[in-house]
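As written, the chains take the letters A, B, C, D and E, and residue 1 is the first residue of each chain.
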Amino acid sequence: MDIATLIGLAGSLGLVIVTIFMGGNAAGFVDVPSIVVVIGGTFAVTFVMFPLGVVIGTIKVGLKTLLFKSNDPLETVNLVVQLADTARKESLVALEKVTIEDNFLKKGVMLVVDGSSEALVRSVMEIELEFMKQRHRQGQAVFKGMGTMAPAFGMIGTLIGLVNMLSNLSDPASIGPAMAVALLTTFYGAVVANCMFLPLATKLEVRSDEDALFMQLMIEGVSSLQKGDHPSVVKEKLQAFLPPSMREDT
Amino acid sequence: MDIATLIGLAGSLGLVIVTIFMGGNAAGFVDVPSIVVVIGGTFAVTFVMFPLGVVIGTIKVGLKTLLFKSNDPLETVNLVVQLADTARKESLVALEKVTIEDNFLKKGVMLVVDGSSEALVRSVMEIELEFMKQRHRQGQAVFKGMGTMAPAFGMIGTLIGLVNMLSNLSDPASIGPAMAVALLTTFYGAVVANCMFLPLATKLEVRSDEDALFMQLMIEGVSSLQKGDHPSVVKEKLQAFLPPSMREDT
Amino acid sequence: MDIATLIGLAGSLGLVIVTIFMGGNAAGFVDVPSIVVVIGGTFAVTFVMFPLGVVIGTIKVGLKTLLFKSNDPLETVNLVVQLADTARKESLVALEKVTIEDNFLKKGVMLVVDGSSEALVRSVMEIELEFMKQRHRQGQAVFKGMGTMAPAFGMIGTLIGLVNMLSNLSDPASIGPAMAVALLTTFYGAVVANCMFLPLATKLEVRSDEDALFMQLMIEGVSSLQKGDHPSVVKEKLQAFLPPSMREDT
Amino acid sequence: MDIATLIGLAGSLGLVIVTIFMGGNAAGFVDVPSIVVVIGGTFAVTFVMFPLGVVIGTIKVGLKTLLFKSNDPLETVNLVVQLADTARKESLVALEKVTIEDNFLKKGVMLVVDGSSEALVRSVMEIELEFMKQRHRQGQAVFKGMGTMAPAFGMIGTLIGLVNMLSNLSDPASIGPAMAVALLTTFYGAVVANCMFLPLATKLEVRSDEDALFMQLMIEGVSSLQKGDHPSVVKEKLQAFLPPSMREDT
Amino acid sequence: MDIATLIGLAGSLGLVIVTIFMGGNAAGFVDVPSIVVVIGGTFAVTFVMFPLGVVIGTIKVGLKTLLFKSNDPLETVNLVVQLADTARKESLVALEKVTIEDNFLKKGVMLVVDGSSEALVRSVMEIELEFMKQRHRQGQAVFKGMGTMAPAFGMIGTLIGLVNMLSNLSDPASIGPAMAVALLTTFYGAVVANCMFLPLATKLEVRSDEDALFMQLMIEGVSSLQKGDHPSVVKEKLQAFLPPSMREDT
């Protein structure tokens, strides 16, 4: 599990809350109508921006992507090299019996075993990679959209509060507190955008790049299997996908 | 019909209106000249930015795109697989008799039946895809343009109000209400931009991507028909366009 | 003539002026030094940003592009189809006698008649298309640059006014009017940027896309002429460039 | 020399200075510590952003690019056509004796005369074009970076001034002047960014595009020479690089 | 070592500190809770945005890239020319004995010596180049992310301070100092973003471009070695990668 995300979320929100408590006026920071207009408005407008299925899908993809770590690229390189070895020593058909956990790699290997043309295998795998990227891009778009709309609704809320306050300046004592409440929506919008929506969009992007890298590595690997490359060539080729620190000396 | 868009629009505007009523000064939020300068100015400037035909076309495309759901990609995959089956069992000419509802797919199949070259079929279909994207991009550009101009006219209105107020500070009691009115244009601009124009532009973009995906799927399908691919190969190829959850096991 | 642009310009500026007059203090919105620093500064800095020739060219291209409507694409499709018909029934050389008003299409047809290689014809026409786009992009860059600099000079003017006002707070009665004048430059900058420069840049972009489409249609048409495509194939190909509503049934 | 740039710089800065003098408080706009923190901070941070060599190179490239006009493209077209004529009438080797002032064109012609392969000539010239672009992009990046950092340091200076002023509100008479001084850094940042750094970055970009166009024209010309194209074909090809108004009728 | 970066960092931060001391209220600029919420919040949110490994990797890559200068491209050109000479006079195998310090170039040469196909050598080297770029892009993303989040947390801190101050206006004497403290978080956010995170992100980008250039030069060089190009051709080709001032006359 990716604990860093949770710790980061807790840490940034926690620091904001501690700072509020240190001001000695924590109750003044809770205003239910302000929370409703910022959070409710953001979610309502998200359903205008994105189809229902995409929003729900985002939450699913998001949770999965955020909570679990990516696989180990080194392991995958070794697995593909081993497959190349088996294919060379026995035959391509022998790959059918090897257990492959990753569905994407498995599908590619099965297509090769079935004797599909190289163009078909590559095209099927690349379309799948393209779609994975597109689903993740949609997820990022949802989080970024919410990260843009939350401050916008914060500002709308503050404008409402300011207009109300300015229309009624008769009681000077109420001006300060009224303006404090008006600023709360801006505050809520800034906090949920910068502590949650925008950083989560960034992490989704990073994870998506990692997954895409993985899938590209697998596409190259399957292509090498099909060409019957020597395992040492496969290794040479795929190790270029690893950061230098992860490479084994040959 | 895409009810989510309507519910989202109603929800976000509704929350803003409820928040206004909770302030107990709802009448203070209606100022006809302010509404005229923001909404009128935004529309006037939209006609400077875009030709009349594009603006009207946007409203049409927009309504159609926003209110109706896209087709079911799975159905289309199945239809193309079935066409491939017919073409294989009978002949390409037999496709002429199959009823195809989608105009784009129908046109492609008809070109194939007429014996057009593969290059011509693909080029005609891809140019059409390109134009669909361009029309949608124009629609998004119109909505985004309005979403940028509404806050700009809001600010212009507020500046006019501020200059008027500052030029005449003799009556202190009028300062607050005058400034409240000045802020209203900023408020109107923020509301129409963030509750309507900008989220609608985003949804148009999402829908456009979905439609483009559909058309790419159909182009690949027609190309497979023309090449005489086996129906199972067609299925394999086109299923890569579906999200994993939608795929049938083969 | 493209009246929509003029009506839009008049409408947006008119609404601003009407709003000013409704405030009952119209004279307070005219301050010659403020106008000079915003407009003069914007133009001066435009000559730092762009060579003299480009700025003058922009005004020419701008006026021409903004005031006149594009041609009718349907007419062009029909003309090219008719040319293909003539070329087929008579000969390529017979095209020499056909009157073609558009210079770009004429040049392409003449190159074909002269027996130039297909690669040369396409390369000459595509370079010309590229250059038309580049000239229009420069024009947009000039308008966008002015649309960015006008608010910047507005802000600089307001800062000068604020510093002057704050240095001399001895007469409280003068604070309001002084600040009103200080805000005027921000107001002028916002008006000229949002009512004129930025929307004109957008329209130039839209028109440029339309012209590019036209030229692409002509390049495809000339290429078809040279290949000796059958008129019905030419029609099929070029109709894909038209929006669905404009297409004739075949 | 490109006088327009100098006149534009003088004009925009001049208007700002005249506006200051018209306020009757010109001395209040000079505050040495404010100037030091904005200008000094901007330059210091530029050395964090870019290597020393790039910053110095930018000043050199900048001055050269800003002060001198580009060559005349028509002249270059004519020169290349003349070279094609010489090559045709005499021989490629005869080009060795022609005096070519432009180093880039000269290098390309020399490579052709030396009998280098077409691929090598094109690759050497295109790499050189690519590097010219990259050096100019770096120069623009430096100016844009300074244009972003100057307002940032202006804001930092103003924040320092505001904190100082707010910490010490005991003497009401000093509030105004203190805030005026605080605003000066924002003013300086806005002026140097918008009157100098940002417009110079734009001009560098325009000039770079012009130079790239020139070099592309020369690459096409040298390629034509090598292919032995007829001078009239060379002319036809290269004239497409000129704006319509510059073309000679053939 | 790249002293310019350190001097620039020291200079910009130093100027800010000197400006603070000149205000005579330096103690008023230190507020530990404000520092904690801005710096702590920025780091916490960075761990939401990026995986732990990437953040740590960024610090490593960052320090290495920022503190050390790039190699001399001229030296590399000469080394490759010398290798071409050796390969021509002796044989490709003779390259095995030459000492090559750069790991990337060494790997490419070793692949050539081992008799790998040209496609494999180029693909392995280009994948490695691509990955170097991607690691650097991640590093820049981390610094840019921190440069965006620091001002955001500064604003959140200021909003908390303002709400606290406005809720309690009973003691007018405390308003000024309370607002001064509220502004401090905005100040801290602006300083760390503009003096540190953002300029470091820019330098990382510049360094990354330099390194990529180096590696492209080496890829072209190794490709020339493999093709058996004459050393003078190799020199001609690779010198195009150098800025004109660095080239030797041939």
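One rule holds in what follows: contacts are C-beta pairs under 8 Å (C-beta built on N, C-alpha and C of every residue); 3 or more make two chains touch, one makes a residue touch a chain.
Quantities reported herein were computed from a predicted structural model and do not represent experimental measurements.
Contacts with subunit B and subunit C are shared by no chain at all. Between the Cα centres of subunit C and subunit E there is a gap of 40 Å.
Work out the mean CA point of subunit A and of subunit B, and you get 24 Å between them. Shared contact sites, meaning residues of subunit C that touch two or more other chains, are absent. The touch graph of the protein chains shown is a ring with every node of degree two. Put simply, subunit C touches subunit B in their complex at residues 2, 4-5, 7-9, 11-12, 14-16, 18-20, 22-25, 28-29, 69, 173, 175-177, 179-180, 183-184, 186-187, 190-191, 193-195, 199-200, 202-203, 206-207, 209, 213, 233, 236-237, 240-241, 243. Taken together, the subunit B residues at the contact with subunit C in this complex read 33, 36-37, 40-41, 43-52, 54, 57, 111, 116, 120, 123-124, 127-128, 131, 134-135, 138, 141, 145, 149, 152-153, 155-157, 159-169.
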